[in-house]
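Some structures are shown below for you to check.
The two complexes that follow have chain A in common; it is paired with chain B in the first and with chain C in the second.
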Partner chain A sequence: MRMSSIVRNSSRLVSPFLVAYGAYLIIHGHISPGGGFQGGVILSVSVILLITSHGYKAVRKAFSVRLVKIVESMSALLIIMISLIGLIFGTYFFNFLRGGEPGTLFSGGTVVLLNILIGLEIGAAFTLLFYVLLRWTESD
Partner chain B sequence: MVLILASILLPLDYSRERSDSYEHYVSNWEDVGISNVVASILTDWRAYDTLGETVVLFTAVYGVYILLRGKRKEKEGEDGGEKG
Partner chain C sequence: MIPLIIVLPLLFAFCGFVVSAFESHENHIKSIFLMGIFSPWPIFILNMNDYPVETVLGGWSRIAGIELGLGMLNHYFILGSLIVFSLVGVYSLSYFEDDGQKDGPIPGKRMFPLILLLYSGILGSFLTRDLFNFYIYMEIASISSIILVACSNAEGAKRASYRYLMLFFLSSFLFIFSIGIIYVKMGTLNFELIEQNLVMSREIKAAIVIAFVAFITKAGVFPLYFWLPSAHSKADTPVSALLSGVTVKVPIFGMLLFLEYTSIEFLTVPLMIVAFSSILFGIGMALLQSNVKKLLAYHTVSQMGYVLLGVATLNVFAAAHYAFAHTLFKAGLFLAVGVLISKQGTKDLDDLTSGNNTVLMFSLIVLTLAIGGVSPLIGAFGKHEILLGLSGMSFYLFYMGSIGTLVSFIKLDYKLFDLSVKHLGKFIPSVQEITAFIMALLTVLFGIYHYPKFNLLDLALMGIAVALFLLFKHIDLFEKNMPHYFSRDVKGLGSEINLYTSIFVLVNLTVLIYVLY
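What follows is the complex of A and B.
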């Protein structure tokens, strides 16, 4: 029961744009609406879209469970690191990268880094969740 | 059960109590230098809460992973190696 080639090809075409959109939401989180959480979910949706169309085994070759676990734990670790680095400059989670004037991309400082790391972590978390839950329905 | 809860909860006073943190965020959001106030609250004023949220989600997903890892269908015995 494989998906028709139309579905497979179209999902293969769409998912990179989903990743781009998720990355946009994450990086511009502190300017336009968006942010770590929403962008991360969209990142994981792009992987899940591939899973539904191409089947579980094919996608697992590309994004192995080990890779997803590494990305998730690394970004969680880095978030804690950033908060500790902030400790050196003063209080916990101190925004030590105070950037330019409010509107620009670098205005947030650690907020940008935090958003990116949160986004990665949540994207990896939901893809891992999907992998685990899908493991039994090997119906690809 | 519902009646008991209704009798307890309904007479409570649900008027908005004045919490000053709202005014604090709205009044001086500039000194954080982020135009998206929601993101500034989420990751700068209250980054500690966000750290908590992220860790909660992290442990939840790993809990599911650990719980459901063992239950494989027998058909899929061969890639047990990937479990490690």
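What follows is the complex of A and C.
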């Protein structure tokens, strides 16, 4: 079903703001409510909104299934890598970037990096799930 | 260093996912898979001499962080899963060969990373000393095994996987509810801290009961075994070996954690009843099966009863040793039978034959004696330790179980060994047969290492078993077929799961009322 141009244009307008909001939640995850998971879900919602308005086929051209798969597994791999670096400094998952004034943006150390990766992982995973479920109803 | 035991397989699993997203050659994934499978071995061996090893992730204090520990409690669980995964890993390289056929097994490209994920989930749940962390690892292991079952091309695999999924989540929800109760009452989920501050209130007792019923469901013990026979028999052979050998030990390890760090004396009577009914029921059902994988799956139900008996007699090491023994011989049996199934394309006991395959025949005989608990093979040691805690009536029930297991496996051997067949030509053992053979050899070696005695009683049991086998054969018991109670469509599946859920709730309520009032 083809959505009306009002719906398509407005969702095209809203989507970038959703991405910005998701990124904000992810980056400020360690000092405010939110975090990697919540921000990641909003990131994937921005893609899912485009799917509902523009159809699966059009969105798949921009975000191909393979790209989503690679982002999903790469970010999981990088999470493990970061936690492995901690092993050099003593223990596994050691926060080797400690420092900064508590409560400010630059105080989380590796937590911020992990939050960003978790956000990417969750966003890609939810998008992938939506793709997989849409495969059975290929029509737009 | 011990977190690496979990992390390295996980790292290689995600490497596998990344590599399989690119159109890469199958050999790349195979080598990543093998590296992942063998990577925990050096760390395990390096830490073996200075038990107990304990570490808290991130360098935090025990109150805030997640504790991992390696000691005598989990030594046998980890050793068993390392052995089984290594051998099954080698076995599955040739099993998941992409032969270009549409109805052949799913190519390894998709299976190998999932098997590694299962591996790290299982190792994680054996290493952790934190209740919530244990739950997370158990979920990783169970979700990947549910997907692995669904990947099989056997008829009814999707249905089996769905049943598995529903019962696993049902028990997981109640398990996390019980974790919540424990957290509210104790303020911590670290087992060492729980042990130090333990006050056995009614709430804690209720939480432990709910957790144990969830564990019993996940271990596939009798009143809540429904998902096990279909899931273990419909999966691909290497996956069946992993599920039956290792995955069902994860909830048993959870029980042992509770047994070690809290007090479960109030649960001994219900656990004893459940364990004995599971032993006898599993054997009874196995005797009626003609599908060889289903027969082995029902024996898992009965063998888990033995492991539970170790828990019920509050003997941590009996349970751990018997679980280790079961890990080795059940995985070996699935691998040995799987060779025949993939060669002859049938799972029916009447059609399968071992032909002149001497290596496989030898491995099958050794493995069946091991599962029957004949000394000096590995099963005897665990059974000997469990027997120490039994007395009176339960003593005889235990031997009845041993005889029943032997009868069922004499039937298996009798049907498989057809010595008249000579047309199969010269026999050259393949990698798959050699892995099954190594598994059989390990049951002998570990058995002699742990319990180097020969028990004359075993000979008497064997004699009774042979006599009973001949009697059952005479009255055609083995030819009886089980009726199907549910229709094969989606509606039948729905009512099946409704029934299972109500039995699950009923068991939960019964044990809760017994313990609290």
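To be clear about the criterion, the second predicted complex is superposed on the first by the 140 of 140 C-alpha atoms of A that agree within 3 Å, B and C clash if a C-alpha of one lies under 4 Å from a C-alpha of the other, contacts with A are read in each partner's own complex, and residues count from 1 in each chain.
The working rule: a residue touches a chain if its C-beta (ideal position, glycine included) is under 8 Å from a C-beta of that chain, and two chains touch if they have at least 3 such contacts.
The model shown is predicted, which means the values in this text are computed figures rather than measured ones.
Peer 1: Check the residue A:21 against both partner chains and state whether it touches chain B (first), chain C (second), both, or neither.
Peer 2: A:21: touches no partner chain.
Peer 1: Would you sort A:84 into first (chain B), second (chain C), both or neither based on which partner it touches?
Peer 2: second
Peer 1: May I ask you to decide whether A:76 touches chain B, chain C, both, or neither, giving the answer as first, second, both or neither?
Peer 2: both
Peer 1: Based on the superposed arrangement, let me know which partner A:32 touches: chain B (first), chain C (second), both, or neither?
Peer 2: First partner only.
Peer 1: So in the superposed three-chain picture, is A:56 touching just chain B, just chain C, both, or none of them (first/second/both/neither)?
Peer 2: After superposition on chain A, A:56 lies in contact with neither partner.
Peer 1: Please name the chain, chain B or chain C, that touches the greater number of residues in chain A.
Peer 2: For chain A, the partner with the higher number of touched residues is B.
Peer 1: Can you list the residues of chain A that touch chain B in one structure and chain C in the other?
Peer 2: Dual-contact residues (chain A): 72-73, 76, 80, 83, 92-93, 95.
Peer 1: Which bits of chain A are touching chain C when the two form their complex?
Peer 2: By the definition above, chain A touches chain C via 66, 69-70, 72-74, 76-77, 80-81, 83-84, 86-87, 90-95.
Peer 1: Touching chain A in the complex: which residues of chain B?
Peer 2: Its residues touching chain A are 30, 32-36, 38-40, 42-44, 47-48, 50-51, 54-55, 57-58, 61, 64-65, 68-69, 71-73, 75-76, 82.
Peer 1: Which residues of chain A touch chain B once you look at their complex with the stated criterion?
Peer 2: 29-36, 64-65, 72-73, 76, 79-80, 83, 92-93, 95, 98-103, 107-111, 114-115, 118, 121-122, 125-126, 128-129, 132-133, 135-136, 138
Peer 1: Within the complex, which stretch of chain C touches chain A?
Peer 2: Touch list, chain C to chain A: 3-4, 7, 10-11, 14-15, 17-18, 21-22, 55-59.
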